Amino acid sequence: MRILLINPNISQSVSDLIGAEARRAASAATRIEVVTAPLGVAYIETRFEALIGAYAAANLAAEHEANFDALVIAAFGDPGIAGIREAVDVPVVGLTEAALMSACLLGGRFSIIAISRRITAWYRECVQVNGLIDRLASIRCLDQPLRDIGAIQGDHETRLRELCLRAVEEDGADVIVLAGAPLAGLARSIRKDIPVPLVDGVSSAVRHAETLIALAPGRASRGSYAPPPTKPNQGLSPAVQALLERRRP
Amino acid sequence: MRILLINPNISQSVSDLIGAEARRAASAATRIEVVTAPLGVAYIETRFEALIGAYAAANLAAEHEANFDALVIAAFGDPGIAGIREAVDVPVVGLTEAALMSACLLGGRFSIIAISRRITAWYRECVQVNGLIDRLASIRCLDQPLRDIGAIQGDHETRLRELCLRAVEEDGADVIVLAGAPLAGLARSIRKDIPVPLVDGVSSAVRHAETLIALAPGRASRGSYAPPPTKPNQGLSPAVQALLERRRP
Amino acid sequence: MRILLINPNISQSVSDLIGAEARRAASAATRIEVVTAPLGVAYIETRFEALIGAYAAANLAAEHEANFDALVIAAFGDPGIAGIREAVDVPVVGLTEAALMSACLLGGRFSIIAISRRITAWYRECVQVNGLIDRLASIRCLDQPLRDIGAIQGDHETRLRELCLRAVEEDGADVIVLAGAPLAGLARSIRKDIPVPLVDGVSSAVRHAETLIALAPGRASRGSYAPPPTKPNQGLSPAVQALLERRRP
Amino acid sequence: MRILLINPNISQSVSDLIGAEARRAASAATRIEVVTAPLGVAYIETRFEALIGAYAAANLAAEHEANFDALVIAAFGDPGIAGIREAVDVPVVGLTEAALMSACLLGGRFSIIAISRRITAWYRECVQVNGLIDRLASIRCLDQPLRDIGAIQGDHETRLRELCLRAVEEDGADVIVLAGAPLAGLARSIRKDIPVPLVDGVSSAVRHAETLIALAPGRASRGSYAPPPTKPNQGLSPAVQALLERRRP
Amino acid sequence: MRILLINPNISQSVSDLIGAEARRAASAATRIEVVTAPLGVAYIETRFEALIGAYAAANLAAEHEANFDALVIAAFGDPGIAGIREAVDVPVVGLTEAALMSACLLGGRFSIIAISRRITAWYRECVQVNGLIDRLASIRCLDQPLRDIGAIQGDHETRLRELCLRAVEEDGADVIVLAGAPLAGLARSIRKDIPVPLVDGVSSAVRHAETLIALAPGRASRGSYAPPPTKPNQGLSPAVQALLERRRP
Amino acid sequence: MRILLINPNISQSVSDLIGAEARRAASAATRIEVVTAPLGVAYIETRFEALIGAYAAANLAAEHEANFDALVIAAFGDPGIAGIREAVDVPVVGLTEAALMSACLLGGRFSIIAISRRITAWYRECVQVNGLIDRLASIRCLDQPLRDIGAIQGDHETRLRELCLRAVEEDGADVIVLAGAPLAGLARSIRKDIPVPLVDGVSSAVRHAETLIALAPGRASRGSYAPPPTKPNQGLSPAVQALLERRRP
């Protein structure tokens, strides 16, 4: 199996974290690759940045899908996921939805630990879009400036553990989701100290992508996830244009 | 007042419909302009096309906001609305949210009349994102190929009237929303034959934009609609880059 | 345009606040009038008082509607709004629904600032009836005896500002609604100190009423907002009786 | 126990139906009385009529509560129930809420059978206000002119049975609620022909009122169902005025 | 009337509390009996224990239903209620649903007071299953080890009163539900000190059971509460087997 | 990896279907075993049967968990899942929740195809308990007597295909879930004829179980999924007793 993780942001250091955790999580036979967005911002914490990340991810998905068995949108919030799922021919999994599905198989209500206060409103909306707001116990967040997006785990580990514990004690979380690609892999190191299951988006997404490849459930040719109907377009990248104009059986 | 309507699609014929209805609806002192997206598709009916439209709209918003008192995202589904609202300094109104708010002031439950079956799933999600799904009586749609996106009103008027009547009789609609920029202005001509209030997105959006300008409620400098925090970026249009790097008081 | 604001309470001092803010908010060509309920209480903070206010408002609406292009029910909680909307021939707007619709066009989640603790349960129910409970961040309230209903703004301004700030900081409000006719106009004076958009019910209602007049969406003759079917009645005021027995085309 | 049923409408024939069913349902030791509203309409099927009925019911409640151990608001839709519950010192039960509570103890989802199409929108809102919309399977209704409000049971029995059966077969109803005071007692005669439990509002309300008297759960002196705080009032009936100005321990 | 209360737990001391409160609450003519589960745990506070309690209750219901006019599942959380309701021929009432229905007739939102922290997650799920989560103000709980399940009322009365008061003051509860069979009867002794109505599950269930017997709404022979269709089975108790194989008219 | 599938019913023929599909779906290195309940019914379609199945599954889980890395509750509706998840030390996955999670990764809204009308009410409740009711497009079902529970796929294939197509065309399903262990494996044979992704519970559950084993998210020692606190018990199977009395670190 070949899985491409698309970092919709421009941070190579975060792509490295993503790739490392993805490889740790993948089955032996799976080949993992990561691409980094050529346009966008360092990391997404607003709806505007997510909108840009969605466009960047869509372009990368169009460019690369032919060479992979599944795609992972490798930013929490899953920018562009629903649209990209419509357009490409392989399964697409997002970090948020993957983490939420794992969490739902492990307990009743989950809390999300986020890397900034600003990002929490958008995360809440993502949970709502996934239809799971009734299972959200809380979103807790770091509330300090982030010196280096690739070094959050080291810089803030104590505070992150503490947020997990408070979510369990005060908010009734049965499961904790560590949110955001910059936290990829953290679950492995702090898991033994947290008294409930700990879910990581990258490893969940890679495993769920493998599952969708294996289950081979089929591609929508009808309904709202069928490929977009062909119609006039202009000004798009060659890859997106090709995707929209592809003739399907 | 100067209001810019942003057509996130490439269809000049639809921009013309939008502009005409906007001018009919605006107060005498309001100056209306319309811009058409230089990139994208003819009209949006899928999540993927909405994602592209959002990016196109964001770029146009960044480029033009300094010259206007309010912006209108002039496609049903409001592609990019929440992100653009964060980023620019003037009020931003979308066709869907404007129509829904008008509908809510006119009755209890509303139905939406759409121009294609494919588009209905996305419209339903838009109503849900606006938090108003409990007031949605139904979405009914044309189910024929669209010969010419600028000529739907003429080509399908009989069927559109019929959909309105069935929404009232069978679905319990108290109000009807005619959805989609290609239907801009239709409400004026069929209103007298429909036994419940009929809402048009363009005229609602223009009027609500005027209201927000007049009320001058202030710009968010805190919370999740404050401008995105400054951080490294690359590959963006000069206007978007300037928006993200603007120094705010 | 002629708009009548109906104060469903007996407080002339509150009617004066309402009228002053309504005139500040209205377009130049709009004529504003205010009537005060001849029966009822000083201000509504319970469901029982709202029930009385609804009856008072219905009688005033029946009496005056023929002379106006739109009516505003000028108490937060919109006593009687849905019933009055069914019965009269012109648009009817309530302070709460108007404020909520404005808030929804300005951000994701809103908080409401109320003038007493007792009133908050009823406000919460009003948000729920409007179908917008998922967008309610919090309701915060004054918790002191009210010396003079017409002088709350002066007596409690510091505390009211503080409640706004806490709603933003602690509850995640993107927008603040100042609730209750006794706070009419306060937004203008404190707006610059509050870091999110501030919405006032009276000015929102006046502007939305103007919009509904301008859009002229039509009157329901079918569905659940059509005029009540004629049937035997007794003991009603002449105006209400006339309304119920009016022959419609 | 003394229970007063308040008919918020002016129809003596409906009061007679209510009284007869109430006496059949009550325990031997319970004394039943019925009062008919001196003002209002023949029967409520709109929000406007409910608003008037609420006011009429409130006045009757204020006038009579001192002589009874519990009150029943004897119209479906429970006009004024929440407000009256705040104001008087004895338990108050509405036909709708009583029927819904009985239905919830008998199965998962219920359907409501109503006497006119117009009334269904308001019933749906009542279910929503009771927080039970997720358990509503459907509302089905008569769709014929009503010759005589006191004779619906005889005039339409065949059709009413048919609506019950269709709710079970097509809508998945586990329980049927026969809605509206004019149907009081019908359940007794058709019960054996309907394949799911059949709930009548009047008998449910009388029994639940007896239960609340027996349980003696106490009267709210705090929270949102405490009596309204005393404040200036004018123009009210002597009974309502006395209620609002009563000194409580 | 003969009502059987089924304690799905093995604690005789709790059965004694249940029986005493049931007899205090029942009408004079009602005969109350209590059975204690022969298998299970001392008291239920987890989903696993509830699963066992449901099985124990089902067996007892099958064994005894022929001799009673109604059954009460006498543990909070109502283990097995929906399944048992399908299978037996008499009305079945659970402590939780009975308490919630009483609470809904007394005010808008209720709080639940529970005997351990662990139990609260399951109680929350029970409220959700009953479709009433929007009316839940809060769940508050004892947070101390329980020395003796039959003596909680005496051991923790001060703290229980305090939890009630905080639910009113801080959570906006209009009504308090004292949850759990071990608290049966407590409401009678502390009622006068709590400023909102106080609901007890056992007395509510007994009274509602009497009401269902009196209303005689009929037994489902269609729909999802009809008796389970006959099919092969094995390994069940003779009583359950007989229930499943009974021939119905 | 060793995964045990627990058939909570007594049908060996269904266990065979389950085992066959599980082995087709599992990774090469995974060892699959299936156990059949020694007590219960042929297949579950009511809440009462689910209650019995839950007890049977709990006993089998207690007996076997020590020898496996994960358990699958192999009946749609997941009888006992939440309780068993609390009690055992390995991950537990149910057919319904596994299928729903797969479906959520493949599209927006899903329909469920069920084997009998009676079963649909319970399935709907299962979707609700999983918090995903807003993503349920419809439940469609066979409506014929089932000759042989192990032969439904052959007997009813044409009708099952037809139900899938109608869910897509009429209900707006983006994904179809084939529900019930008796349909295990059907997706493989009809997939190519259905125009949207088709999800099978058994293969989804096996794959998700493998994922949870691989992710090793940790076991809850706090919160509502920690093992039940130790307390007196009696009458339980030795395995369940041992589980409840196990000393944990």
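Every chain is named by a letter (A, B, C, D, E and F) in the order it is written, and numbering of its residues begins at 1.
Here is the rule we use: a contact is a pair of C-beta atoms (placed from the backbone, for glycine too) under 8 Å apart; a residue touches a chain by one contact, two chains touch by 3 or more.
These figures come from a predicted structure and were not determined experimentally.
Enquirer: Going by the stated contact rule, which chains contact chain A and chain F alike?
Expert: Touching chain A and chain F alike, sorted by label: B, E.
Enquirer: Spelling it out: a chain qualifies if it touches chain B and also touches chain E; which chains qualify?
Expert: Under the touch definition, chain B and chain E have A, C, D, F as mutual neighbours.
Enquirer: Measuring centre to centre, with centres taken as mean CA positions, what chain is farthest from chain D?
Expert: Ranked by distance of C-alpha centres from chain D, the top chain is A.
Enquirer: Does A-C or C-D have the larger number of C-beta pairs in contact?
Expert: C-D
Enquirer: If you average the CA atoms of chain C and of chain F, how many Å lie between those two points?
Expert: The answer is 51 Å.
Enquirer: Counting in whole Å, what is the centre-to-centre distance of chain A and chain E, each centre being its mean C-alpha position?
Expert: Chain A and chain E have C-alpha centres separated by 43 Å.
Enquirer: Indicate the whole-number Å distance between the mean C-alpha point of chain A and the mean C-alpha point of chain B.
Expert: 29
Enquirer: Which chain A residues touch at least two other chains?
Expert: 82, 85, 108, 120-121, 125, 128, 134, 172, 174, 223-224, 226
Enquirer: Any two chains that touch count here, so list every such pair.
Expert: A-B, A-C, A-E, A-F, B-C, B-D, B-F, C-D, C-E, D-E, D-F, E-F
Enquirer: Using the touch definition up top, name the residues of chain B that touch chain A in the complex.
Expert: Per the touch definition, chain B meets chain A at residues 10-11, 37-43, 45-52, 54-55, 58, 80, 82-87, 118, 120-122, 125, 128-129, 223-224, 226, 228-229, 231-236, 240, 244.
Enquirer: Which residues of chain C touch chain E in the complex?
Expert: Counting only chain C, the residues touching chain E are 120-121, 125, 128, 133.
Enquirer: If you look only at chain C, which of its residues touch chain B in the complex?
Expert: On the chain C side, the touching residues are 25, 27, 82, 85, 91, 93, 97-98, 101-102, 104-108, 130-132, 134-135, 168-169, 172-175, 187, 191-192, 194-200, 203-204, 207-208, 210-212, 214-226.
Enquirer: Any idea which chain C residues touch chain A in the complex?
Expert: Within the complex, chain C touches chain A at residues 108-109, 134, 172, 174.
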